[in-house]
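The next block holds one structure in the form of structure tokens; read it before the comments.
In order of appearance the chains are A, B, C and D, and numbering begins at 1 in each one.
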């Protein structure tokens, strides 16, 4: 699918979620003032429309589409969107692909809700752990993601957006086997390991005549441009920031499969293990599987060692590594989710939201990857394990920002690479892990030479 | 259908709208403290369950069911409701009628939403006209009532809950003719003229194979016990008070048919004409039809005269009286709604909510029908017409409260009838109008002797 | 609903079942030759369109609509029907009621199928008991009436087309109670006891949010004009003759409720009891309830006595009489159908067609009620009971024909009343039974003086 | 997907089409006598269950599964199928894939219908051209394939079951582009070019939120084992023989896309062009596109030359060759189908069945590829072009049988290769065409050495 240079001017109906807005909501979406949401809307809408593009450089996307404009119109049959110079890849013969129209509607819905009901509203205390979780619950509920009367079935799939063809095919096969077993897929949107499992599951659901298969994408405004949702995604939620996005994954998913990936995948793994290490979560079943084709065996060995070194054997017990056996991945995930169902039933916990999972504030508070914050992260073994996990998570979060997020790229251009300091016994394996990510082209989509956005400052 | 004395203890799933609640929302529903919602929930739930009963005395219903209890439980598949001593008429062989389960769910949804998002929230300024309208919009949107992509089709039907068999059959026929023409029905819930049009339309929709016919009921906590929703109602909204309920009618309905009724119907007519008299609404098409069987001709003549006397010829031009011709009612309503559609289209107004209708604050601010407030209402011809309409509306609103609302009945028991003062030239026709309501048994359901809750103090 | 005199010319799409016809099928529907189906199609189509009319005189209907014409057109999107001078009551503002369009489609489907696949086809031996049953099975299957995966729920309701308002309301209440219990209704189409239960069940299904409630009408070309299907009927089947229609009732229904009626109802009762008296059916559960309002107690007592006298106590054990208790009717029918389900399950019998029921040939062979055949029926106690039942069934069948069927009415006009001969001990109670039908206006719709089409020739 | 050796014993419900059978129909399915259908049912059922296997050798499949057995059971909720030693690849964790259950149901439906209503029935004269077409119409109608009210959208995709990965990916892309444009896919079932377009369209339909996308497979008992339907196929029809299957393609499809293939594809092309050469079909729009990736350019050139030589320039005008441009394929097909729609509309022809297409008897009469029949085919230029097309079609048809059909393989084993005689100027290019098919591995699935089942006997 080639992205032609010519943009398209059109008026479309958002489809599905939120065609009904009040006049003040419409005005706010149009406003570029401080509380206005225009820039946010424009950025997310562009990301959604740009799903056919083959770049993960958010800044470049914004620049290429500097003439893109979006305007919200109030019409007799509801809200319409007027688009100017929209990316052509979102259209087929001048008609916007229906799945993308739904994504636009989701973007609108979440921006309106988060701004009006969460941020500019004294109801949720976003400094407080419970307040944050409550806000996440409300955003997800408003999006229709939380469904009573459905048994646990959501498998979160993590992994790189830039992976080899062999790894990609493996993610499709794993998704196919899970889909045949009636499991549903949740990913962070984007290409690679976020798209493969959905394609596989979609095909399997067709074979099983499952018309209501769920392909849930959870994104956030900073990353969505780099990882724009594939139109297969039939439920899209835009969380306000990366930390709430990660919390949304672990509270809605009933199990997690991790495929090979780069810095973002490492961030997700450290976040997850950091939480599961919390003694209050010891009793909770939470199936986690690391998997990939035969060629990924070494990759997983390396990561396993790094986890053993930094987080210890308790963390290693929380996941299983399965190499080159997608059927077995699907079987173990099915069995694991069965245990989750039994546990929730026994505790009268809801199936659709894991209230019981304890997430401590260091995993919830937004981390701003400024050069200063990156340089002063405390990376050594003389601290509680979950604190180290949190700080390591921040390291990788910063690298993701420097690689693909617009603000991060700009900061690196201006100030040079992040300086990462820490204890030698961690820095060395961290360095070799990152180098292997670079060599395996996991940091960026192929086709561009990767200039590291970080330097490991070894003592 | 006899309402057996034995209540039923059970646990049910609310169905449809809101099975997903946060923990703090559940706690608030359980709480009897000031901000708690337990009493409100219990009262509305009882009203909904009591739909098989044949009384309109809210106070008596609460007393008869003093052992009724409701508790919200959090379960693995969502929220459940534990009911103790629930009215047996809501059940068939021990299973709650599905429509009633949906009503319970609607009650829960609206209580949670109004309390959390409207009342204890600084977002909506309920002292301000725009703020009130905005709050009404949000309540209706949250209930799913506002649907983009649907053409105007909602006919609000007003009329008495206590009407003759002949009048009742006429409301069914009118509903049948409207249903055959694919119109949908909105009423205030309850028996009589609120039920007949829905029954007729439901049958007609079956003949036309319309599976998604809308039977919209809009109630409020004070009246719902006296006018509990018939299970045909497939969309139920509980507005916070009578004024917001009236505004919800005129902003969602595309036309209004009024059947004969008593004080409540008079209140509705005065509210509607008071608004339509506003010069800012002069250009808006808004079809209003007063109708009934041949025997109601004199009734409508009397009301028409009272309106002519008090609100003048301009008000009389806003409605048409059609006697004994349900097919003609349906035809004119269809044509009128067609004009509404064209007007909205020409003005880019939404079909689902009439933002443009100007409602001045005296029709929006809640009126408390205390004895003092009732006695000091300013009823004379030396004021602007729409102010007189507003005050006359309050007279009838107070009489409704004294007749059927629990607080009103208690006040009358303690302090005697309301005293209504005003200019002689209005008081006399008002008196005869009210007396005719009494004689025609329009004030209360038959079977009980009616003791007027008011005295016309003539000067 | 007044049936205006002006007919309507239009082209409509039949809806639902059979828009796809081959060219030879279309040609046959147009042909008036011997094997052509034009007259049959015209007669049945007229009956279906005439559902708003208030007469049961088939001959009069044909005469009133002598200018009515129907033509089958082949169009790009399927078959269309061109109607000339169609009864206006089938239309609302020029648009045919959708339910009636579906009925037209059903008529077309069954005429095409019966003619091509049953009658002019050597596959089914219609002289043979098994062949007849097999043909009935195929007609019903082709109509979509036989549904696997549905539990037994079909209650056949029999009773008069001409009944009092009190009886009619009772049939609605019984239907309502059955509908609340998720039972479905099957009748012979037409007004009175064939319409009431469907209206009641339709309302109850709306309350229970059952969108796929079944209102099954089974008719035949001879009777359909007199008992045209109400548009509520959402499955209409036209069987080739009265005997196959009766067999379709007892093989698809899971239980039978009989309301008061006239000759047709008596015919149905004698048919049913005649079959249930067959010793091969002794083990089969088959719930049969005779019911009506308090005022019908004497009616049922009289019929019960007649059955006792003619068919004996064994027949009387096959039904229960319940007076003035619609809730109890629904409860017993639910319990009875539960026993049917268990019996079928135990015997691996299908739920949707009662293959096991033994029907002997005298109940299957079409009876032509000519004057000669009527005069020579063998009515005396010196024969096997089921043979007497079969002959008594024929007596009533002939009277129905003389009352409302076009051919029967013509024959009576030409040759005078049927002469019915038989043993005195049967003739006298038969005479008084028939006289009471006349007095109670059960023979014909009110408004016309009833001239008996028979004479009891007592020896 | 590995096909384990262990078969599975189970009882399943066929799903979708035909759970309702009469007792005599069930008995016939069980019978192995002459008119019995057991062997046919067993063979087709095995083919459907064997969809995960990677062989196209029908005889080998039957031998490998010699213990497979199928029995039809009559149960309370309809017909069930008892399977013994069923191929494991049809199951996921012991549960049969739903799509395959539907295929079983389709097999049952078509075997019952064809046998009872077409073959052992004097209604259709299968010696007559019109009689054959009528029979095809009835089989397709009975299967639910002919849908009124749907606009033309069915693209028949032909091409090889054994194609390269590059060609396969191209068929997926073409299917994807057609699916994005809301076109539906019909193929002959099986792998390769019959599966790729469906997979692509299925993904595209998911993106367009089309839940009712059609993936129509048309097979026949002789070929189904070699080309078993992929579970994506959501409408499966088993025609009685190859000629009726080909006629079903051209009467239901609105356009045809041909991908590279072997003998079967050549058969299909010659059949199609032979018909389109009929002067009575000159006026009919019928879009035909030959396409493939860049590497297929030479393949199409060779075929184009062969067609030019044998059928002439008029035949060449009936198709367009598009190389390496799936988007253009989809665009031209959309435009071509638009012309078909306009033509049918102008002529009042049905959209769902092309009655107007003239097919002469030599393309309709079943051809038995015995050694004698093959050896005596008249292949020379001294005859009418459409007769030559018919004979060339038979050549390729015989080669397909010798390659993959059980009876053909057996005959070749016993009697050696078919001898194909004909005029030198045709035999030489035919020989080189066939040899290129062999070299390109288009005759059989890779992995087996191909032994030609034919010899070109050059004069």
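Throughout what follows, contacts are C-beta pairs under 8 Å (C-beta built on N, C-alpha and C of every residue); 3 or more make two chains touch, one makes a residue touch a chain.
The structure presented is a predicted model; accordingly, all values stated were derived computationally and were not measured.
Enquirer: Work out the mean Cα position per chain and let me know which chain is farthest from chain B.
Expert: D
Enquirer: Rounded to the nearest whole Å, what is the centre-to-centre distance of chain A and chain D, using the mean of the C-alpha atoms as each centre?
Expert: The computed centroid separation for chain A versus chain D comes out at 44 Å.
Enquirer: Could you please state the distance in Å, as a whole number, between where the Cα atoms of chain A are centred and where those of chain B are centred?
Expert: Between these chains, centre-to-centre, one finds 47 Å.
Enquirer: Measuring from the mean C-alpha position of chain B to the mean C-alpha position of chain D, what distance in angstrom results?
Expert: So the centre of chain B lies 63 Å away from the centre of chain D.
Enquirer: In chain C, which residues are in touch with two or more of the other chains?
Expert: In chain C, nothing touches at least two other chains.
Enquirer: Answer with line, ring, star, complete or other to describe the graph linking chains that touch.
Expert: It is a ring, because the chains touch in a row that closes back on itself.
Enquirer: Which two-chain combinations touch?
Expert: Listed by label, chains in contact pair as A-B, A-D, B-C, C-D.
Enquirer: Across the complex, what residues on chain B touch chain C?
Expert: Against chain C, the touching part of chain B is residues 15, 92-93, 97-99, 102, 180-181, 199, 202-203, 206-211, 231-232, 234, 331, 334.
Enquirer: Which positions of chain D touch chain C when the two form their complex?
Expert: That would be residues 13, 19-20, 22-24, 73-79, 116-117, 121-123, 134, 137-138, 141, 146-150, 341, 344-345, 348-353, 355 of chain D.
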